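In what comes next, chain A is part of two complexes: it sits with chain B in the first one and with chain C in the second one.
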Partner chain A sequence: MKRKIVGYYFITYLLLAILLIFVLFPFAVMLSMSLKAPDEQFTSPPYLIPHRPNLENYFHVFGQGSMFARYFMNSLLVASGATFIVLGVAIFSSYGYARLLFPGRGFFLALILLSQLFPLAAIIVPLYRIMGATKLIDSYISLIIGYLTFSVPVGVWFLRGFFLSIPQELEEAAMIDGCSRFQAFIRIVVPLVRPGIGATAAYLFFITWQEFMFALTFITSESKRTLPVGIFDFVGQYETNWGNLMAASVLICIPVFVLFLFLQQQLVGGLTQGAVKG
Partner chain B sequence: MKRKDVMKRNRKKEWIAGCFFILPSLVLLFVLVFYPLFLTFRYTLYDISLTSTRYLGWATYQRLFAHRMLPLIFRNSLVWTIVVVVFQFLLGLSSALLLNRSFPGRGLARGLVILPWVMPGVIAGMVWRLIYDPQLGLLNHYLRQLGIIAQPFTWLSHPKTALYAVIFSAIWKGFPFSTLMYLAGLQIVPQELYEAAEIDGAGGWMKFTNVTLPSMRPIITTTLLLTFIWTFNYFELVYVMTGGGPAEKSHIFPTYVYDLAFKRFRFGLASQFAVLDFLFLLVFSLLYIRTSFRREKSL
Partner chain C sequence: MRTLWIWFLVVGMVLSLSVVGWAQKVTLNVWLMKQAEVELIKAQEEALKQFQELYPDIEVRFAVFPYSEYRDKLLVAAAAGNPPEVSVVDQIWNPEFAAADFIIPLDEYVAQSQSVKKENYFSGAWDSAQFQGKLYGVPFDVGVWALNYYNKDFFRRAGLDPEKPPVTWDEFYEMGAKMTTAEQWGTALWVGKGDAIQCITDALIFSNGGSVLNEDFTRCVLDQPPAIEAMTFFKRLQSINPAGEVARTEEDSFQLFTAGKIGMFWYGEWGQDTINARAPEMDWACTNFPNPADGKSIGTFGGWNMVIYRSAPNKDAAWKFIEFWTSREVNERVSSLTPANIEAAKSFLQNKRKFSDVIFKQLTTALYRPIFPKYPDLAEIQRNATTAILLGEKTVEEALRDATAEINQLLEEYYATH
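Let's look at the complex of A and B:
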């Protein structure tokens, strides 16, 4: 019996080790390069563990002449702007889709799903031309508008799941006691679904924070660039400053990793609930 | 009784409220998604450059189907999507089974496994570029130490390997989503079924194929469809790692559409490729949903 338990743990941890090496190797490469001084970056053969780890690359990323801090603020502004707008819109509509009976509900829900089927590349051309015609190109607004195209459906879908998980009897009781539908929604339902709103906000922030295609296309001036495009500053035509690039990458990853760390439970719930319930 | 009355009186109000609640999202959806999509369909009939617009009509589709890049793009997209989806399924399911066993440190392990999926796509692309790099990359170094290759190999700039190198990174990047889904699925497999199977003398593999897999069928069906659509339309990794190169050999639909539109400013042709992408996914999804639905019914 005891040998069986030892064998169980041995196999489990052996497989786990293989899995984690596969999963974490690129993170190790990123971290390692970000801690290497220039003379260590280009050695042949390359090695994973820096001999003299230092934070030079990180200081350089924030240093003189670097636009990184600016890009960081731009990303923060655009991602949180889009997140707030989508939340404001999606809280109402997802409740409508989850609870209220009105003609065409199934049809409109299908439209939301349909909007997930085409690549963003399919609507970026008309959006680009519309932005050009309305003189919005190269503005934060154009990016936020671009981000609404894919984040509104996601936000509605996520929140609808959270609303569905709340027992309907609570609102009905409130309405029998004289609340209107709207009052019941604001006073009873929204407070109950608050963790779900937090998880949705985190997910929306996560997908807009890392968006690349719109950011590459709609923004032309350096001062308005966001991080995913901005890191290509370190990629020169002939050579790439890998140390700085990887330091910047670590810094870009940190906010989303922290978000996931704190909201992991709710996020996983939001991602999987639709599928689990069928 | 009373509750029913209240609900009935409210039915008309419900209607109005429903419209009021969903109106903002509908307006946004139509203005920002469906109107541009309609425009894309219309652009396919034109030859549009930065300076001129010329109506060509349905003849454009003849030119599209005769386009020299179309067979390659289609084949690349299918290879890319199918290989990525299949391996994400295998890796996702097996890692979910592993992480579903009980052992000390399980919570931490689950958290770590999600990380690739959380990493922004552009950064994942750059890190993998570094790993594959012929001079600085650790992959070539390790492969040489193991004696598998003699000389550093340019994985991302060789026409035979470029797409597969990106495919490998894409599997790494996306499989944790499948892991999450299957982990959630494993929680809803009824435990009584396992006990019943044990009484009937089923071993581990029998239990897996006769209890676990059938119970998880709906979640597997959904996850496969989702990962198929997302992978088919996934732009960043290919764009960042190879840019569609070398010599346009590793382009898939979204990257080629983007290149046509914003490198060569051939908006009409770009829209045609985009529409093909959309129609393919639409037909595929409808067929997929119909067949998997029918199979579920017959069970």
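Let's look at the complex of A and C:
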């Protein structure tokens, strides 16, 4: 019996180890490359631990002539701006879809889902024309508006699931005690779905943080570029500055890691919580 | 109250006058490639200041893009009617932009120009900007595929004289064979995904007296003996190169060279800095691209031309900028590849490159790739043929015959509608 349990654990940990190696190996290579000088990067045979580790690549990424710090701030601004606006819109509208009865509810809900089926490449040209006509091309606003097109539906759909998971009786009880529907919403329902809002916010931040195509198309000035586009500064026509590219990649991952660490509990709990009634 | 009105009036007049004054200034949007070198960015800024002193009424705004995003950016902006006034374009995009009517012919400007003259630029680069009898760009910078880089230690180990690198195809193969062991090879081939491998195969064909298209770019001539011989030689090199060449890119193979796994490698002059950074200990040299015993060493041009967009409101100002930016003195300072202006190139190579004579010789004889608006499609057919040859799916003759038929069909379809 005992041997059976030991065997069970052994297999579990073995599989976990394989999975971890599979997931972490590319990151390890990235980190290793970012700490190596050019003459160590492509040796034969290759090795993971740098013989002369140094931070030269990181200094260069933030150094003179590099726009990386600027790109970083731009990404932060655009991703958090878009996330806040989406949450503001989606909290109310998803509550409406979850609770209020109005004609066409099912139809509009289906439409929201349908809008997710369009590939981004299909809506980018009309959006570009709209931005061009409204003189918004090459502005942060154009990116934020662009991101709303795909992130609002995601936000609404996610949050609706969370709202559905709150028993309606709680609101009714609050209203019997004298709350208006709005008060019941703000004081009872929203605090209860806070984990869900956190999870949705994190997800929205991730998808806007790494968005590439809109950022490439709408922004022209170097000073307004975001990270996923800006990172290509290190990729030349024939040659790539691998050390710098990998250092920049490591740095790009950091905010997402930090966010994950803080939100991990909510994210895992939140996503499954909404999923049941989704 | 009255004084207040007068104040308003005065302020209003000053404001409107300054707006008029400001409006008279011509704004020029110029799109360039992103440069990583700090020194180069500084040099560009200084040159721009100089231009602004010369032409205070022209305000130049630079936008720079990394290579991988540049073409998409330009095409989207031009298609949406919102391109810059001036930009650099890759030589192989020049006919495409001309055929799409995005850019204007520059012959009239050139006829009146003091500094922009055909003889001041590498002829292959100048000709790359020609399309249907008109000139659509002024060469800005160039690169040539390929030089033969070699690791002298490989020569010594194989009992060869490192001061006598191969000149002919046969010598290249034989010396490479002597270097080849189970762990090291004479050279490394590659195909990859981009348009670079065509530069190598074209250079082999050019060196053997052949060509990809006929003189007026209406028929493909890849099924002729010069191309067949060139590709047969290319296939022969497979035996002195490590396996996996079809999946490798030029960068992968270059890494094999800097890692000391191969003795010789065909690459452009811009690779020197990378070799010194990645393999500071290596005793390397470079020589001209090998040629067949009865042929001549001819490389393939790459590089960038400066163009003016049709939608530019002030084309004269745009031309002034191009004249300035490609002039001998400025061209040398602001380009990262070799300047296209011959005099600028000479001093650039002497100051920044080793073996400048070898490079200069390769540049003066280099030829441009076929001029055809759908060049990327043509290049893909060529690349597929190269892949089929290396994989042994087809014989050299079969592969080139099929590619010729495909390219001819592409040409016919294009010219039937244009």
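One rule holds for everything that comes next: the second predicted complex is superposed on the first by the 264 of 278 C-alpha atoms of A that agree within 3 Å, B and C clash if a C-alpha of one lies under 4 Å from a C-alpha of the other, contacts with A are read in each partner's own complex, and residues count from 1 in each chain.
The criterion applied here is as follows: a contact is a pair of C-beta atoms (placed from the backbone, for glycine too) under 8 Å apart; a residue touches a chain by one contact, two chains touch by 3 or more.
Since we're looking at a predicted model, the values are computed, not measured.
*Asks:* Clash or fit: chain B against chain C, after overlaying the two structures on chain A?
*Replies:* They clash.
*Asks:* Based on the superposed arrangement, let me know which partner A:117 touches: chain B (first), chain C (second), both, or neither?
*Replies:* The answer is first: A:117 touches chain B but not chain C.
*Asks:* Counting only touches as set out at the top, which of chain B and chain C does A:217 meet: first, second, both, neither?
*Replies:* In the superposition, A:217 contacts both chain B and chain C.
*Asks:* Give one of first, second, both or neither to describe whether A:39 is in contact with chain B, with chain C, with both, or with none.
*Replies:* It touches chain C, and chain B stays clear.
*Asks:* By residue count, is chain A touched more by chain B or by chain C?
*Replies:* The larger set of chain A residues in touch belongs to B.
*Asks:* Would you check which partner chain A:65 touches, where first means chain B only, second means chain C only, and both and neither mean what they say?
*Replies:* A:65 sits against chain C, while chain B stays out of touch.
*Asks:* Just checking: does A:237 make contact with chain B only, chain C only, both, or neither of them? Give me first, second, both or neither.
*Replies:* Second partner only.
*Asks:* Which partner does A:137 reach: the first (chain B), the second (chain C), both, or neither?
*Replies:* Only chain C; A:137 stays clear of chain B.
*Asks:* State which residues of chain A lie in both footprints, the one left by chain B and the one left by chain C.
*Replies:* 41-42, 44, 128-129, 217, 235
*Asks:* Which part of chain B faces chain A closely enough to touch in the complex?
*Replies:* 2-3, 6-7, 10-11, 13-15, 17-26, 28-29, 32-37, 39-40, 43, 95, 98, 101, 103, 109, 111-116, 118-124, 126-128, 130-131, 135-138, 141, 144, 172, 176-177, 180-181, 184-185, 188, 218-219, 222-223, 226, 229, 232-233, 235-236, 239-240, 253-255, 257-258, 261-262, 267, 270-271, 274-275, 277-278, 281-282, 285
*Asks:* What residues of chain A sit close enough to touch chain C in their complex?
*Replies:* 38-39, 41-44, 63-65, 128-129, 132, 137, 216-217, 220-222, 229, 232-241, 244
*Asks:* Quick one: in the complex, what on chain C touches chain A?
*Replies:* These residues of chain C touch chain A: 33-34, 36-38, 41-42, 63-64, 66-69, 72-73, 76-77, 80, 82, 196, 250-251, 254-256, 258-261, 268, 270-271, 274, 277-281.
*Asks:* Flag every residue of chain A that touches chain B in the complex, lowest number first.
*Replies:* 8-9, 12-13, 15-16, 19-20, 22-27, 29-30, 33, 41-42, 44-46, 48, 89-90, 92-93, 95-97, 100-103, 105, 108, 111-112, 114-130, 145, 148-149, 152-153, 156, 172, 175-176, 181-182, 206, 209-210, 212-213, 217, 228, 231, 235, 242, 245-246, 249, 252-253, 256-257, 260-261, 264, 268, 271-272, 274-276, 278
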